[in-house]
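Report on the following structure.
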């Protein structure tokens, strides 16, 4: 059944492409559904702020022609899809004439760094801790900590962020209050900067981690409890193998497959949480960009940034799902003759 | 994507012991006698009761701007020369709104909207999951595709896009929008369960007994899925509340109606943390965390009811 | 000290405490397994045969626990009182298991060769036997011994049929030439022809390596084909034990007789004796511990009944 | 005109292989013929190992899966083209007993639920009293009493009791045919005879025919009248159960019968059996309809 891999791949990539296409279309439709059109409302706003502008009608008309807003909707749509594919999202309203893409490019590395760090830590730490909790040889007093993970899982990252900010930045002053690095370091590959980034990133990472790691712990524990009843685990015990070897080779190894799926499923929640955490810590990532966009009613920025984050989530889920066949021999090693 | 992709906490229904024994189950030994479940349900019940009592006792006009003195700390505390009074036991914020009134009005709103969204999501999810699992074929393909696609999209972001353009959403519209992202979990779980139960002996027996698909779904399959139903409802409620609070914190949604998220947004905008006005953000946060914790305890308890192997270990 | 008995079980009891009462799943059973023999432990569901095996292997699941008795290996080591780490050393090297679930007894994410190898690695003391080449040769030899083709060496379990998996299980169990292999319903999930092949494999292994087998099962016909001696269990007790020819030819205990009478076979088409649950429960009236045994023929013991 | 109860001609079932499916089709059952006369009732054994297609046959007859090609007539009516009323009759008159006597009970309900449902759906009795009488009547047949068990939950009954209840349930509908799919393979050996005995009683006293689907030739030998031996979706031998078991002709039938263990240590397996390096995923392909030779009256063997 070698076809399974191909089929899985095709289906997965198809879903991915459709997700991206659907969200791009959504952005287009929403933008067009806005009462009034963006160029006109933008100029009317400027007019309200700065007083009468002569020849405003002509200016608006010129812009409309330039942005193709006079074209029929279908032409606009096709152009829009083409632009989106090239990450061309037009200009920011509030920081005109900065292209939205430039704002996103500045914010993206910070957001990516934050999510990759939290994702890796939560997966490795969460599964390790979950395995320790489920292991029958773990001392009772360690197991008695389990209920407290439940508390963590129920605290959403936005609320955890408020708490951490208050305690560790405001009261204890161990960590900075906001931003991604201090003004007095030179950005680049130098140690002061890297240490600074770590220092500024700790609280945001912790805020996102707190909820996510709890879920990973609980998921791992539940999986291991289920697997402990399997015949092959019983046989491993009868073999008199080293208990630790049995734990990771027979139990954890098999529990990781569903845990990876769990990771993919939790990703969209993770990104959503991160948007809020960045806002609270004024961390210069995509979340803060959205927040600022909302404040200044900068629709192109809000829509483009949200779209980019959706794209990012979908891409990461795709990558995780593509990892799955690599670690599941039942998918990759079928037929046996090869 | 097969069995491994079922809900991360729920895996299987109780596997019945094959041996037979005539042991009468007292309530204490019933699976529903679950500490987490009971604790979560009772604390949540008390909270709701408290809010209801508050509604009839406390003056709700105090939730509006300028109804009270500004920046008053909770009773017994002092902040910048002002001492908290019993007139505003939980203090006030910088626009003169009473915190107690804000919570009494805000918390039920958050709960209700989350619950409504979850109910809509659950009904949709169960119907889709049932149809996909039971009918199979094209219906199943379409439902699975829709689920797989929407599950990969962070609901918050889509709602941000929608809300940024159409800011004036009422209660029901809001619940409807939130429910767009709370049906997938139910669909997945119920599809998987129905798929496995469809092959189970008692569903085959019901078909041989001339039962209609409707009877099979609702009389044979549904009663066995009650724990999943409750578990999903609580997860959906938390998820919807969380998403809505998230939007409100970002400054979207109906900002004029006091709700916990809006209060948080105001607190953040006014730098309440830096100004040391902890009650402004900490009280709504505490209420939200309490709600989330209760819902989670109920959900986890339900999972243990459905899967006895999780109970101890 | 050499002894003819690989394993001696004395007055073994296993209890399951439940909120209402304590259930004795295994009730004061004693038997011995001689070197190189296949002893069939036969009983219906709930008779306690698998629980007894788990107790010997110290794999009882909670809340079950050994309530009393001794298990002697080679007449010199008492297994139940052995500290955990010492017992772990005896596992597999002296006491191996062929487990019941043919479909599920192999780790799905490990190659067959690695699953055979890790048992060897955990117990082999001779470093020369642990080189990659030596291990490889040994695993190939084991696979050949149970009649499996060479390709099995490389594959993952899901690429094997049920019968092949169970033969891998046998190869794995005899890898260290243990004194005793406990085979817990090794063929119960298999087709008839596959069952015969796996059973043949088990017999071959016994003949070639002289390994003793405790064969747990419910099928009298299969026991007649494989076992040298059998012990019949009912409701946690051994009610009758002896050479298989003896017991099946002249069953002495009413329960054994009932089992024989209700057993359909291809030998003759006969009206079967119909038994219902109530009639089966009647037999428990014969079981008033402590049971006293009578030797009706050499080596053929029957619990007294009246 | 005398009709046949069930007539099956050249029945083939192929799973998968649809337009959108990427997995190759699997031929589960092919060129299957069967004739069960209205009178006298008989127990027709469908014997075979896993993957032989015997469970597919049960699912086809019970309407759980659709046939790919062939003809299936119940009392002369084409089963695939019945009216609504005819379907309801067919549903009632062709009943089943399954292998696992536990999973057929909905754990949520007391065991009487299985009776209540059929009485309600097929309008078998009106009123409490009549329903209760019907239940008691059916239970009496299998040697049980309503007051002892109806109020219990499935896990409170033994395997034998559960399976007897299932037979009673089938009997309640006054069926003409019961598809018994491995009805005793999960029952303790000592209680099997009881179920088999009830089957004989239903055949002899109530004129109910059985399609006894099993891998266990020993029980088939005890109660079976006709037998069809399946191997990888094809019938390799058919005829009287006794004749096939005592005098198998097809190579596979010989191997199979020689592998059944007999409870006599003096009669051990003769010789050795070799098994090909088989793989579970072995796919069966559609083959031409085999030629059957009549080796003795009523005993047919597939060529090859």
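Just so it is clear, A, B, C and D label the chains in written order, and each chain counts residues from 1 on its own.
Quick note on the criterion: contacts are C-beta pairs under 8 Å (C-beta built on N, C-alpha and C of every residue); 3 or more make two chains touch, one makes a residue touch a chain.
These figures come from a predicted structure and were not determined experimentally.
The chains in contact with chain B as well as with chain C are A, D.
Taking each chain's centre as the mean of its C-alpha atoms, the one that lies farthest from the centre of chain D is A.
In this view the innermost chain, defined by its CA centroid being closest to the centroid of all protein CA atoms, is B. Inter-chain centre distance (chain A to chain D, centres taken as mean C-alpha positions): 55 Å. If you average the Cα atoms of chain A and of chain C, the two centres end up 54 Å apart.
Chain centres here are Cα means. That of chain C falls 33 Å from that of chain D. Averaged C-alpha coordinates give centres for chain B and chain D that are 49 Å from one another. In chain C, the positions touching at least two other chains are 45, 159. Among all residues of chain A, those that touch two or more other chains are 257, 336. The residues of chain B that reach two or more other chains are 18, listed in rising order.
Residue ranges on chain D touching chain B, taken from their complex, read 20, 62, 64, 88, 91-92, 95-96, 98, 100, 102-109, 114, 117-118, 121-122, 154-159. Residues 14, 16-18, 20-22, 141, 200-202, 204-211, 220, 223-224 of chain B touch chain D in their complex.
For chain A in complex with chain C, the touching residues are 230-232, 234-242, 245, 249-250, 253-254, 257, 327-330, 333-337. The part of chain B that touches chain A in the complex is made up of residues 1, 4-5, 8-9, 11-12, 36, 145, 148-149, 151-158, 160-162, 164-166, 238-239, 242-243, 245-246, 249-252, 264, 268, 273-274, 276, 278, 281-282, 285, 288-289, 292-293, 295-297, 300, 303, 307, 309-310, 313. In the complex of the two chains, the chain C residues touching chain A come out as 57, 59, 87-93, 96-97, 99-101, 104-110, 118-119, 122-123, 151, 154-156, 158-159, 169.
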